[in-house]
Amino acid sequence: MFPAPFDYHCAGSLDEALALLARYGGDARVLAGGQSLIPAMRFRLARPAVLVDINRLDELAYVRETDGVLAVGALARDAALERMPRLAEAYPMLAQTSAVVADPVVRQSGTVVGSLCHNDPAGDWAVTALAGRAQVVVRGASGTRTVAIDDFLVDSFATAVGDGEIALEVRFPTPPPRTWGSYQKIERKVGDFATASAAARVTLAEDGTIAGSGIAIGAAGPTARRVAEAEQILHGAKPTKEAIRAAADAARKLADPAADTRGSVEFKKDMAGVLVGRALTAALEHLGVEGLR
Amino acid sequence: MSTTIEPESEKHALGQRMKRKEDPRFLQGRGRYLDDISLPGMLYLALVHSPYPHAKIVKIDKTAALAVDGVVAVLTGEDLAAHGLAWIPTFHGYDKQMVLCVGKALYQYQEVAGVIATSREAAVDGAELVDVEYEPLDPVVDPFQAREDKTILRDDRENKTNHIYHWEVGKRAETDAALAAADVHVKERVTFQRCHPAPLEPCGIVADMNGATGRLTLYLTSQAPHAHRTVVSLVTGIPEDKIHVVSPDIGGGFGNKVPVYAGYVVAAAASVVLGVPVKWVETRTENLTCTGFARDYHMDVEIGATKDGRVTALKVTTVADHGAFDAAADPTKYPAGLFGIVTGSYDFATAFTELDAYFTNKAPGGIAYRCSFRVTEASFAIERGMEMLARKLGLDPAELRLKNFVRKEQFPYPSPLGFVYDSGDYHTTLRKALDLIGYEELRKEQAEKRARGELMGIGISTFTEAVGAGPSKHFDIMGIKMFDSAEIRVHPTGSAILRAGTKSQGQGHETTWAQIAAEELGLDPQNIIVEEGDTDTAPYGLGTYASRSTPTAGAAIAMASRKIRERARKIAAHLLEAAEDDVEWADYKFRVKGVPENAVTMQEVAFAAYTNPAPNTEPGLEATFYYDPPNLTFPYGAYLAVVDVDRETGFVKVRRFLAIDDCGTVINPMVVEGQIHGGLTEGFAIAFMQEIRYDESGNNLNTNFTEYLVPTSLETPHWETASTVTPSPHHPIGAKGVGESPNVGSPAAFVNAVMDALAPLGVTHLDMPLTREKVWRACREAATA
Amino acid sequence: MKISVTVNGKQYQREVEPRTLLAYFLRESLGLTGTHVGCDTSSCGCCVVVFDGDRAVKSCTAFAVQADGHQITTVEGLAQGGKLHPLQQAFWDCHGLQCGFCTPGMLMSSYALLAHQPSPSEAQIREALAGNLCRCTGYQNIVKAVQQAAGELQQPAPAPEPEPVAS
Amino acid sequence: MNLEYGGRERIDADRDTVWAFVNDPAKIAGCMPDVLESHVVDEHTFDAVVQVAVGPVRGKFKFHVVLVPQPGGEHMDLKISGGGFGSVVDLNAGADVSVQDGATVLDWKGVATMRGPLAAVGGRVIDAQAKRVITTTFANVKTQLGATALDTA
């Protein structure tokens, strides 16, 4: 299939990109990795009148760690994280996510920020971003704002990024000491969207109780969801089989997936629980907790 | 006796792991596939498809489409009717099918109109704007519902019923009696889901009507170029000499490129009407929604046995879903293909099988997807049945099979359903498989795991195929007998050109065909060029599918070579100044009997054939042979799968898979292994993920590669292979064909393994594909039960 | 609009429509038909080419205009000086291809992998090739071939005499 | 693919007003979100062109809407058939108007059937959109009636 005609503008600077978006408003789409947009255009489901290509803005192709956050620029490809030395030690949840998004070739073009902006209900990055308490930096004509990921994910395929705006970077707080995380995904095969997915991050206190956690599930509603109840259950609790089971059940309860070719509502709800349980177990075992199986 | 062929001398071409001669061009992007062909002034065709599975076509408005810049023409069913091309006969000629919808759409995505334009993009722009008004009708998507005839789908047919045909073979009364008398009895409905070959290269055509010569050249993704030319001639009335079909390099066929599709006909008609070349290359969605699907058999399998585990009778009753037209690709006299192979490798005293086929509002097809006609369905049915019987008897499934195999001294073995199996040694092959995989240890490990509540399974499939259609007294397609052919010309310097009626789609004929001829002629296979696929130059043959190439054309090549050898013997006698009877062919030379040093090579003979021919002999050195096989060949194998099941998520991990194949004489072990790896991977895909599913309102749910799941290098297991060699007694070199065995034999091995894993939960059968959810549900229901 | 792109070391300037997909630009404007198209959903990987020496891109999921100013390597650019690239040689030696349709994409994805990971494990190769579908080989011989090629490329000395390139 | 939706609105207006409102094609048309153009065909029918915009999917959908009031003035059916993107959506909704503890209650549910590329490729995208269109329509019925009710109070 072949896309419908459109006007193409390759932005030479961020200001130029913003000006173009301001000019064309809702008729324009930003072209970054294009791995969701271009197939949609080939089927003529997406038919933007204007594409604003930001692939020349090398200044946005960064992944850098500064004052307590890992900042991922709008043009950083999934593969850039995947290949980043020591990411697995410093940001395990991100490293595990970066290895299972789409397929390895798509990851060499697809971007982390682009995935968040596309906000497919079954996408991967939104789940990890929720569990990791990420923030998204959005810039428009009216200036720059920083949006908590929970507010960024508005509805399926809808985010806080307005017409004329660009999401510039996503910021993942550096995990505190005695913290580990895990991303778990069930997919029918490599390249598929998640049938179910879960991200969990736990921090242990000196006394071995759980000081804090971030837990989220994907393919479980219009957007990825934070399992706040599970986070509360774990707060201050001893890391036990029982605590994990309770957190997993909270995820089962919260999950509100749509049935599709990937599975029934019943199956997906149960998988949300199973995966939250597995993510927590993996994280806690890495932190040296035993007797969880 | 099972032996492995070892090369006897460096000259020995047969049995060598010779690297493929076709590869250098593929490796450098120099292959020439259909879409690589571009002709001056060529136009592009895009098709318009019905979103409805069943609807009246009220009207089609071309205006907006014709107004699109670059659009040259818009064709509808009515336009084709004017040229007598609204309908074409189906594969075996028992039914006809619409090219473009005439009055009605009978399945979702059926072709409604064709837009011809100066670019691919413009053609799609135009197709978007063809305004079709539909009046939706209730769809019938379930063959069991179609059977009730509440809605008649094909009012164009004389018989106002959705029933297409009834077919049966065997002894009904005797079988029913034996089943009733059996100590032990199993019965289960086993469904082989609708799936699709989905070769990576889509189907396509470049049709080029040359006004000056009046000749229509069709570059076509065709597994059977000669058959296609004859069909086009019969349908259009264009004399066969005025039609030239060229099948270029093909990016995988697997049966998908055997039938004739709407796009071909519309492009050809457009080229004839417009007098310029027209190209159509289908989209992946068109490939999956419109072109030949496979399987969709619902089989009730019934086996009777004595309490000590001897099988006594087999009955299989099948409902077949053929979709909107009866376009199943089967030989004329075999509406259900070779389904009679359903008694498999086992010595049943009596058997009976019957089948009824129905129309539904689904895409037409029923092609031989990487298998001989309907042999995959049959093998799956019997191998699942034997597994269930073993469970019921409390017997080890390997033991049950060893108890019931046809014994090697019984060959040639007449099966109760009418085949005569050529050769086999089933016991040796299965025992070798059990040893190689360490069956005993695996069963021990399984027992320990079960004690711990873990789910591990071992699955066996010991299938027998019937391939190589086939003997002309039984096999034809639209009347054309299913022989095949070869033509060999040895050049003066001892190199040669070999042409065959088959058409490689990745099987490596350019290499293996050269190996056969080289072996027979004592020439260097590197100096034998192989050509296929051009109807102007290739001898007539019915093409490559159903594992028929080696049994038919492979045999023809050996026979043509031997014809040449006989001619060459005369020349050799002349050169050796010996009587012809004193000249023997040994160690790839002509020698004077008793005086081995007195010899000439084929090269020397070839040179003489052109420069110094024997008196009163025809100069030159070439031969043609049309081979009509005396029987089918019956390749077989013993496959073992080992799986672990995660009961929490339903995930099945295929830990090991061992395939032992016996395809008779092996031409090129490297190519054979490659074929087996590929076939096993497709079997794996069908067992666990591949399905063309329609929802209750007739929507196709698997219309592209995001939903029709092809396993990647990560999901695909590591394959272990080995072989036994039991040559075919009636094939000139003893070869049987192998390309499809792994796809025929493996699905049952995978499913049997998973069912074995779930046995402690009391699960006896699940239909493919074995998705996580299906397995998860089975585990959970067992837990709550 | 006008673009300037370097493909296999050769510079081209062409006028293209923005909606022209890179795969069709390579195949039809430049006549480099080794890059194939097997799907519409960025799934099959038959169209993979390499951007700027180390980035594998599905050229059916990129617009030709995006290639402006980039260095593109296609399967036609692998063989050098009449000799097959070690990857091509290894695919041939190991029977890593059958119908040949997925082969260019497989080669280019492998090429990008080795640029980042000169001596990958079998697991790493299977992961890196999971964006390319093959219906013929079951991947096993492809994985073997990539391992062999990685070994060859690690050799300081030139690889053993490769087969001459057939034209 | 089939998608099921449903909802319930409590409306600050008397039953007859609500019944009259939901029987008026012009008024219902006015409640549909993102309507680019609409025209009433007869007292039970209207056509509307709706702007679809979910994520990357943007385009126009043509809808043909038929209101089928059932005798008794308590139940009505809506038959919505539409198309766009070479795909088809048929939506059959039913609404019950009843009085429960003083307020008028509008209970509705609908089933959307989707065919063509949208169902195949855009299913998850369009599911959200279809849900939004129908939910917003009935929500607007409530707000508009609520508003008029207040005005006339």
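Chains: A, B, C and D, in written order; residue numbering restarts at 1 for each.
One rule holds for everything that comes next: a residue touches a chain if its C-beta (ideal position, glycine included) is under 8 Å from a C-beta of that chain, and two chains touch if they have at least 3 such contacts.
Treat the numbers as computed from the prediction; the structure is a model and nothing was measured.
Note on connectivity: the fewest chain-to-chain touch steps from chain C to chain D number 2.
When chain pairs are compared by their number of contacting C-beta pairs, B-C comes first. Of all chains, D has its CA centroid at the greatest distance from the CA centroid of chain C. Work out the mean CA point of chain B and of chain D, and you get 51 Å between them. Mean C-alpha positions place chain A and chain D at a centre distance of 34 Å. With centres defined as mean CA coordinates, chain C is found 30 Å away from chain B. Shared interface positions of chain B, i.e. residues touching 2 or more other chains, are given as 120-121, 128, 283, 285, 701, 704, 706-707, 710, 712, 714. The multi-chain contact residues of chain C, meaning those touching 2 or more other chains, are 17, 19, 40-41, 43, 127, 129-132. The multi-chain contact residues of chain D, meaning those touching 2 or more other chains, are 1, 86, 117, 121.
Pairs of chains meeting the touch criterion: A-B, A-C, A-D, B-C, B-D. Interface of chain B with chain C (complex): residues 19-20, 22-33, 35-36, 38, 120-121, 197-202, 249-252, 254, 283-285, 505-508, 670-671, 673-675, 677-678, 680-682, 704-706, 710, 712-714, 716, 718-719. Interface residues of chain A, counted against chain B in their complex, comprise 1-2, 4, 44, 103, 186, 188-192, 195, 261, 263-264, 267, 270-271, 274.
Taken together, the chain A residues at the contact with chain C in this complex read 1-8, 10, 31, 34-35, 38-39, 41-43, 51, 53, 55, 79, 83, 99, 102-109, 190-191. Within the complex formed with chain B, the residues of chain D that make contact are 1-2, 83, 86-88, 90, 113-117, 119-121.
Of all the residues in chain A, the ones that touch chain D in their complex are 26, 29, 36-37, 39-41, 43-48, 118-122, 155-158, 222, 258, 260.
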